[in-house]
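Take a look at the structure set out below.
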Amino acid sequence: MDIVLFTDFGSSDIYLGQVKSVLHRLAPRAAVIDLANDLPPLNARASAHLLDALKNGFPEGSVFLCVVDPGVGTDRDTVVLDADSRCYVGPDNGLLSVVAARATAVKLSSIAWRPAGLSDSFHGRDLFAPVVARIAAGTLPPDQLRPLSALARSFGADDLEEIIYVDHYGNACTGIRSEHAGADRLLMAKGHRVAGARVFGEVPQGTPLWYANSHGLVEIAVNRGSAAQAFGLRVGDPVNWVD
Amino acid sequence: MDIVLFTDFGSSDIYLGQVKSVLHRLAPRAAVIDLANDLPPLNARASAHLLDALKNGFPEGSVFLCVVDPGVGTDRDTVVLDADSRCYVGPDNGLLSVVAARATAVKLSSIAWRPAGLSDSFHGRDLFAPVVARIAAGTLPPDQLRPLSALARSFGADDLEEIIYVDHYGNACTGIRSEHAGADRLLMAKGHRVAGARVFGEVPQGTPLWYANSHGLVEIAVNRGSAAQAFGLRVGDPVNWVD
Amino acid sequence: MDIVLFTDFGSSDIYLGQVKSVLHRLAPRAAVIDLANDLPPLNARASAHLLDALKNGFPEGSVFLCVVDPGVGTDRDTVVLDADSRCYVGPDNGLLSVVAARATAVKLSSIAWRPAGLSDSFHGRDLFAPVVARIAAGTLPPDQLRPLSALARSFGADDLEEIIYVDHYGNACTGIRSEHAGADRLLMAKGHRVAGARVFGEVPQGTPLWYANSHGLVEIAVNRGSAAQAFGLRVGDPVNWVD
């Protein structure tokens, strides 16, 4: 089974390598794919919507290690979510809740196991990584999980009319699924009205557009420019359709 | 066969993981090496020269996935270039053209195959990655390629007297091959005259120098400092020899 | 044997891929783990302390490729350090010296071998990577090493009362081992007195704390904030206990 990393550990920082060493030791045959390691550090809600959109690019059976966890070391619970043939492991702070709310077949567990040397501040390495590795390797003893009836925190199944991710090109992705977006509608963001287009090259250089991005969300861009810079867009900013 | 990534997808962004998932699915035995994933986003010309300099560090048989592609979704063509025992896959916007122009044995093809769910904005994942993976795995059906007589856009075989890459130390690499540089010549950049040296440690701290870098190009640096910051150098800035 | 990278090559730059190509060619079965590739470029002392703290997360037998090497191309020597069942390869500029000074069983060698096409500026790729790969693969001819009686430069075994690393959350790690830190002591940094806590969530939002981090060092943080930003902390800044 592949292991997919979806974290705020920082792709250029010292935490990922420690996590990968654990994964390699306990699941040496699993491929480990870095999907996202620079998620906005304190925003479980935005990343919960992004996770639901991106999961489909990965094969059934994939195990996602999901960490955006400002509450590490407090009494927030930890979760294993089996949802529509993929598995997600992370804190019970809403990060897995949009996937759970939209899935057809859902099974929830909390992690009963605690490792001997559990640190107070790095459950990604000490708790989540061993569980993810053992699930991927098929070696997790069943008594390390405990049935859970519901998530402690859920953001629900609805679209999120906010910016949820800004990429390095300056494109600003919203939590609105593009299947819910009529091509002729105008999107309002930071006081700007933005028209839709199929692709950047269809509008003149420097012109803003919204379009259905490659993972099925409505995204705001500027052809050969940065929408984030032009409009001052940041994760959490509200957007809405102009009727 | 190894797969080498040479893109502007951003090493800390959400695109590489999606590409690598495709590569892993279709070529599970290939090693995937991240050569460069933070190339200047809109500048195929600079990166075309960098690719030619860096390719030699990789074994014969390597397959390069090359994407700097602001025209994705428009009618620009897609190319497979076989050149001197290495293979390059990317858009026909000049990115592969310096390698092609300098190679001895060249075979060009365009990609006839189109996947079922081709997105408008992410051909790196949907089109180039599957072709690269199948070439590396030896499973590309020959009818997915179509002979191509010439590239639509070429930057030619000549050196480029410009800054083509600035690294995180602040060293500024030019498109001038060091075999064409006499050690006693002065290089002019942003109004500064820079003398050559063999290595940083040969000049006093804080002193600028140009030197033949480890991939065979003329590079401007400051010993224990940042040439980019000291001179305000950016990709695209012209440089020239003082005669 | 696993290979662990501990360098200042830049995780988003063009150097790591060249190093990894060499490692893959000469040690195709070794796992290569990126521990840290954005170490402060010119500061071997800070990173020497960080290396000693982080090494314990990796299995015995691991081979560390360690490069923070502003003196590349000058006459600084190169070292292989065997210390307590792990191996470290790097420049003899102090980077390996804290591990060496604190280890129980130490064997030092210098690298006698020189490759045919050794560049002046990229010993990480041309000299250190081949040696690391051959050690990991068990194929290093013994005559490529030469016994060394002592390091040319050593920072010693003592704790370092300075900031040695700032992470992307803005947490500032010191070179003080937390086993030497009484929980009720106050730490002074940039004129601020900081009290200790077990974990971020134990202090109110926006409040600074010091805590024993997950690799055993004293670290300064702000709950849901950035200590680096709040106090202007940078690598090299002194800290000290208030008695």
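We call the chains A, B and C, going by the order they appear; numbering starts again at 1 in every chain.
Please note the rule applied: contacts are C-beta pairs under 8 Å (C-beta built on N, C-alpha and C of every residue); 3 or more make two chains touch, one makes a residue touch a chain.
What you are looking at is a predicted structure, and each value in this text was computed from that prediction instead of being measured.
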Where chain B and chain C overlap in contact partners, by chain label: A
Self-contact between copies chain A and chain B, residue sets same or different by half: different
Rotational angle, Cα trace of chain A fitted to chain C, multiple of 5°: 120
Centre distance in Å when chain A and chain B are each reduced to the mean of their C-alpha atoms: 31
Sites on chain B at which at least two other chains make contact: 10-12, 38
Complex contacts: residues of chain C adjacent to chain B: 10-18, 20-21, 24-25, 28, 38, 41-42, 70-74, 119-122, 125-126
For the chain B and chain C complex, residues of the former touching the latter: 2, 4-5, 10-12, 31, 33-38, 50, 54, 57-59, 165, 167-169, 198-202, 211-215, 224
